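One chain, chain A, links the two complexes that follow: it is found with chain B in the first and with chain C in the second.
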Partner chain A sequence: MKVLVCIKQVPDLESRFKPNAEGLWFNETDLAWRMNEYDEYAVEQAVRLREQLGEGAELTVLSIGPDRVVEAIKKALAMGADKAVHVQDPAVAGKDPWQVASIIAAYAKGEGFDIIFTGLQSQDRGSAQVGVSVAEQLGYACSTTLVGFEYDSGTIIAKRELEGGLKGVVKLKTPALVTCQLGLNVPRYPTLPNIMKAKKKEIAQIAVADLLVEEPVAATVSFHAPARKGGGIVLEGALEDLVDRLMGILNEKTAVLR
Partner chain B sequence: MEATREIYWNVGHGVVWPMYLFAFVAMGIAAWGFWRRLAVYRQGRALNRVDQLPRRIALMLQGMLAQGKVVRVLDPGILHALFFWGFGLLFIGTLLIMAQADFSVPVFGIVFLKGTFYQLFSLVLDVAGLVALVMLCGLLVRRFFIKPDGLETIRDDYVVHALLLAIVLTGFVTEGVRMAATELAVNPGLARFSPVGLLVARAFASLSAEELLLTHKVLWWVHFFLAVAFIAAIPFTKLRHIFTTSANYLFCDLGPKGALATINLEDETVEQFGAATIADLSWKDIFDADACTSCKRCQDRCPASATGKPLSPMKVVKQIGELARTNPAGNLIDTVSRDALWSCTTCRSCQEICPANVEHVNKIIEMRRNLTLMEGEFPGDEVRTAASNIEVNGNPFGLAYASRGDWADGLPVTLMESGEEVDILYFVGCYASFDKRNREIARSFVTICAAAGIKVGILGKEEKCCGEPVRKLGNEYLYQMMAQENIELIKAYRVKRIVTTCPHCFNTLARDYKDLGLDLPVEHYSTFVNRLIGDGSLQLSPTPEPFDFTYHDSCYLGRYMDIIDEPRQVLLAAGGRLTEMDRSGMDSFCCSAGGGRILAEEKLGGRISAERVKMAQQTGAPLLVSNCPFCLTMFEDGIKTGGCEGELKVRDLAEIVAERIRA
Partner chain C sequence: MKALLIGEYREGKLLDSTNELFGFAAQLGAETAMLLVGSDSALPSYGGTLYLADAAVCGEYNPDLHKQLIVEAVGRENPDCIVLMHSSYGWDLAPRVAAALKSAQVSEVTGIVADGFEVGCCNAKMRRTVKPSTAKAVITIQGGAFPAQAPGGSPQVVKVSGAAGGGLEFLGYEPAEKKGVDLTKAEVIVSAGRGVSKKDNIPLIQALATALKGELGASRPVVDAGWVEHSHQVGTTGQTVSPKLYVACGISGAIQHLAGMKKADFIVAINKDRDAPIGEVADVLVVADVLQFVPALTARIGR
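What follows is the complex of A and B.
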């Protein structure tokens, strides 16, 4: 059985983001990089499935991007993936989700994966479209926002997070693609022997040009910080005084007391 | 009449053969007992603790004979030391008798136990016996009647007390009966040199000569067999500490305090990290369990123990010994328990006070290494997050690495990347770089240096966590990742001298980084500032007026680096009036943040920081001064949770000094 997990390397969200010169994406100077949080859940679940399947199963991790994404790939390998594919693309940030999905689908088409894991969305772009688009392009069954995953002989039982705290359970026949949400699992911390082993695992390099066929369907028009709105007010002083002032503000500026 | 006595009086020289036979049998049993235990120690990894042998032997003799570590806790310490010296003199006395009766007389016909020397010999041994007896009774009362908290009494304690008491008592009675027959009436001048024996002799004076002879003969043999039993019992009871604790003085760690083995991460043949079973520990770790006398001094001082956490350094050591003897393949970590392992703050209080030179802390870290490196475990999810923050941003807070140098905006510091020459590299550390309260330390230190004309360089956003907290939690891999990046950077900038404001950074850069190739003078700002004051570069004005304070010795400056006086000198020079806490200097009580605990929530037991803050408050001083960003953080917290707000403030030494620079 073959399993694929797709990961993205994203900037740490505590970093300071500034628009790049073209104003279409962020400037990469001074950013710290890490594996997309949702992809960590995907990797963890894929590794657990790999462990459940045992001998004969193979877990491949795939990431698209410049050389630096190898760091994220190595982490997935240390967590337990068997081998990796690095689709080399220094300009991946400029591609739209449909194109990114098409690159993955182009690679996956010939490989015959039974299950594909992706994160629910990326922390930087947050389109939540890549996973579902890959399923669409491959013609796989698909379920999103997983907070529970079980697999038994060709059937996935997926617990999904719905709006308003509701959960839903769906069954999928493989081949299938699932996108993973916070709460699905706690990603493991790679052990040192596994980190060492990961150094020797194969990372296949594929040029993006070999896989990319689609044209973008959605163009980024502008990337900028939200316009500054009025700042918050910090009230200081004696308690009684504070209550009066707060009441005054609520009365004057809001409708909550009316 | 001459002052001497007949050796083997009444029992006759015929006892020599059976006596030596039994003595050798006893020694044989003792040797066999220790030999059997050797196999237990051999289960551990190799470790060279017999290099620099002359120095080690000197340390051992000093430690044994002077009993210096034993008397550090006064009451039981003095009882033990006096008993040891008393019993030791009796042993020497017995050897002298042997030397004369079985060597110098039969071979050369020389009698040296006579005249004034014999009088002195007699008096000294009599007094030594009395001292041993009284001390033994004191120890007995302490153990069986006072029963100090935490002192565990086992079979061995009954055996050892009974045996020793019986040996000393039968010794005195045998002597007294002999004196009743040979000295009391005949040689009263000599009897005065055995005051205790004389008392006993008088008690037996009414017995007839035959009765005295018979009583003496029986007692002599009883005393002899007790002594033989004592020798044979050594390896099988706590008495073994006579040899094992002494040997532990010989096997002491001569390296820098707190040094951990730096794991070679390049060696791909290694597949086991840290200690999961007995075989992963060193032989010394197993031997320590036999050297331990269960005096529970470590447990008494352990901040985790004191606040109801499931850690007793003594129990950890004992559990290792027990496992090594009974189930060597058993799981070490399950035996000790994860909660116990994660509770340690590596404050080194246990190790500092241990009269047996047991090394507690590194055992715990070796087991932690196994948990983190082999199992990917952490004391809590918050620590896992902190570790991944360190990986990504080089600080446990997860704040943008690019903002690491922001605290210095507008201050006279030079970024090393500018290429300018500087006097010192200030290695700021994560807390002074990012934590709002602790940034005051960094700013104050820069202000002090500016006043003293010192040009300060910082690495700014290029600096990373020194790796200390994760290393002490067992994550050697992450530590070395951080360390290597820092070291490469520091080397590339051709730094000549490093100063830190954090004792954890200080220990790590000064000692641990040596193993990874950084060999530079590194110091803590307290000694640096003290020198600036001393050579006149920094002038303080003890104004506006003198202030009262109490001072907290951080573990990693005090116990780990022996820096006790310098920070106090600085504070006194700044106009401080110091009131010490009971637990200060080498006996200081941890703030709770060491051993990587700064990254972990304190979920078990009471709050260590609140305990320490309470101790500070009890001095009556309104100000607690610390020298470490971790301590400052914990005490700010302890003051709030301990309800000392308004009564006690905590400040860092740098803040105090910066305010009192003479304009």
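What follows is the complex of A and C.
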């Protein structure tokens, strides 16, 4: 049984973002990078499935991007993936979700994965398209927004998170792709011995040109800060002064202190 | 310009958000037709053409079949865009429709601009303008970004149907957990976000809530981490609240959270990050370390 988990490396979202020279995406200078949070849940669920299946199962982690994404790949290997594929593409940020999905599908087509895990969306782009698009391109059954996952002999019972706390329960036959929502599980921290072991695991390198055949279907024409709606007061300064000023505002604008 | 709008129906009811699709189409200046997998006992207040499939036959969640029905309606209407809500239904279905039509998809649109569609990115801190390069485009719109607008009238119903296929079977719904706290009645809510750093700090936020005679709320990451139980969660997947005062402590302001609290009468946000998106809805943004500021504020109120 073969399992694939697709991960993306994203900037720390607490960062301050500035447009790059072309004004089409953010400037990467001074950003710290980490594994996309949704993908941490995907990796954890894939590793749990790998553990459930035991010998004979194999879990591959895939990431697309420049050399820095190897750090995210190493984390997934330390969490328990068996091997990795790094699709080398310094220009991945300029590709649209359809192309990104086509790269993954082109790789996965020859591999015969039974189950593919992805995050629901990336924290930086947030389009929530790539996972479903990979499934469509491969002709896999697919469900999204998972907060529950169980597998038994070719059948997945998935719990989808809907609005207002409602959940939908879905049965999928493999081969299938599922996208993982926050809260699906509790992603593990890699232990030191597992980090050491991961250093010996294989990371295959594939040039993106070997997998990319699709043209883009959409273009980013601008990346910019949102227009501030204004009206809000911003308080900055020393702690006691901030407390004074906020108390003044609450007394004036609300009745909660009366 | 013509738009095919995809209505949403769940547990036997037409969802209110369906009216936001009309709001989007109006801003786009588009003619409309609608497709709904629903029921003729819950029709939208709309005088146009409605392709109606029976949810009792086609399923409320059966994406492969719903995709097929949409593709057939596209064949009859030849729209320029196919519009869905960016919801658990829409973001699941839209990429399938886009793949079937070999068309661009633009996700979670917040606005229409001269050279394309504006969408949020980087956790709602930034925006991109996206322009489809294909003749048709599949669009999902952000909840609350466009006004809900029922056009009025009765639809000209065209019944459609299809056979279920694919490797997916919907088994049923699991209801929301019983609510421990009803935040919808609270006059004051003080909510904890990821910025409170750890579970041990939750009592600091609870103390401010108590001092203000309010309830404790929480953002999703705090609930997922197990610091606060789910019944306190504010946002799309938790409770939607409208208190007299909402205090967001260390909450960056993901759209799913904002959707649950932006109707509060007065919003105070406490955050280290001056650029945090919570600042967009806050009446007052206090730029401070929440772990220092909140206890200081609690102490002052108690005086």
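Keep in mind that, in the parts below, the second predicted complex is superposed on the first by the 231 of 258 C-alpha atoms of A that agree within 3 Å, B and C clash if a C-alpha of one lies under 4 Å from a C-alpha of the other, contacts with A are read in each partner's own complex, and residues count from 1 in each chain.
In the analysis below, a contact is a pair of C-beta atoms (placed from the backbone, for glycine too) under 8 Å apart; a residue touches a chain by one contact, two chains touch by 3 or more.
None of the values given here were measured: they were computed from a predicted structure.
Participant: Report the partner of chain A that touches more of its residues: chain B or chain C.
Facilitator: Greater contact footprint in residues on chain A: C.
Participant: Just to be sure I read the superposition right, which of the two partners does A:R16 touch: chain B = first, chain C = second, or both, or neither?
Facilitator: A:R16 sits against chain B and chain C alike.
Participant: Between chain B and chain C, whom does A:Q137 touch in the aligned arrangement: first, second, both, or neither?
Facilitator: After superposing on A, A:Q137 lies in contact with chain C but is clear of chain B.
Participant: Taking the superposition on A as described, I'd like to know which of chain B and chain C A:A207 touches: first, second, both or neither.
Facilitator: A:A207: touches no partner chain.
Participant: Output check: A:L192 vs chain B and chain C. Expected answer is one of first, second, both, neither. What do you get?
Facilitator: first
Participant: For chain A, which residues lie in the overlap of the chain B contacts and the chain C contacts?
Facilitator: 14, 16
Participant: Taking the touch rule as given, give the residues of chain A at its contact with chain B in the complex, in rising order.
Facilitator: 12, 14-16, 30-34, 186, 188-193, 195-196
Participant: Would you tell me which residues of chain A are touching chain C in their complex?
Facilitator: 11, 13-14, 16-17, 26, 96-98, 121, 123-129, 132-133, 136-137, 140-145, 157, 159-176, 182-183, 216-226, 228-229, 231-236, 239-240, 242-243, 246-247, 249-250, 253-257
Participant: Where on chain C does chain A make contact in their complex?
Facilitator: Per the stated touch rule, the residues are 10-11, 61, 63, 86-89, 91-92, 94-96, 98-100, 102-108, 115-116, 119-134, 137, 166-177, 187-188, 212-214, 220-221, 223-224, 230, 236-238, 244-245, 252, 265-266, 268, 273-275, 277, 279-288, 292-293, 296-297, 300-301.
Participant: Please output the residues of chain B touching chain A within their complex, sorted ascending.
Facilitator: Result: residues 265, 268, 271, 273, 372-378, 381, 384, 387-388, 391-394, 398-403, 461, 476-477 of chain B touch chain A.
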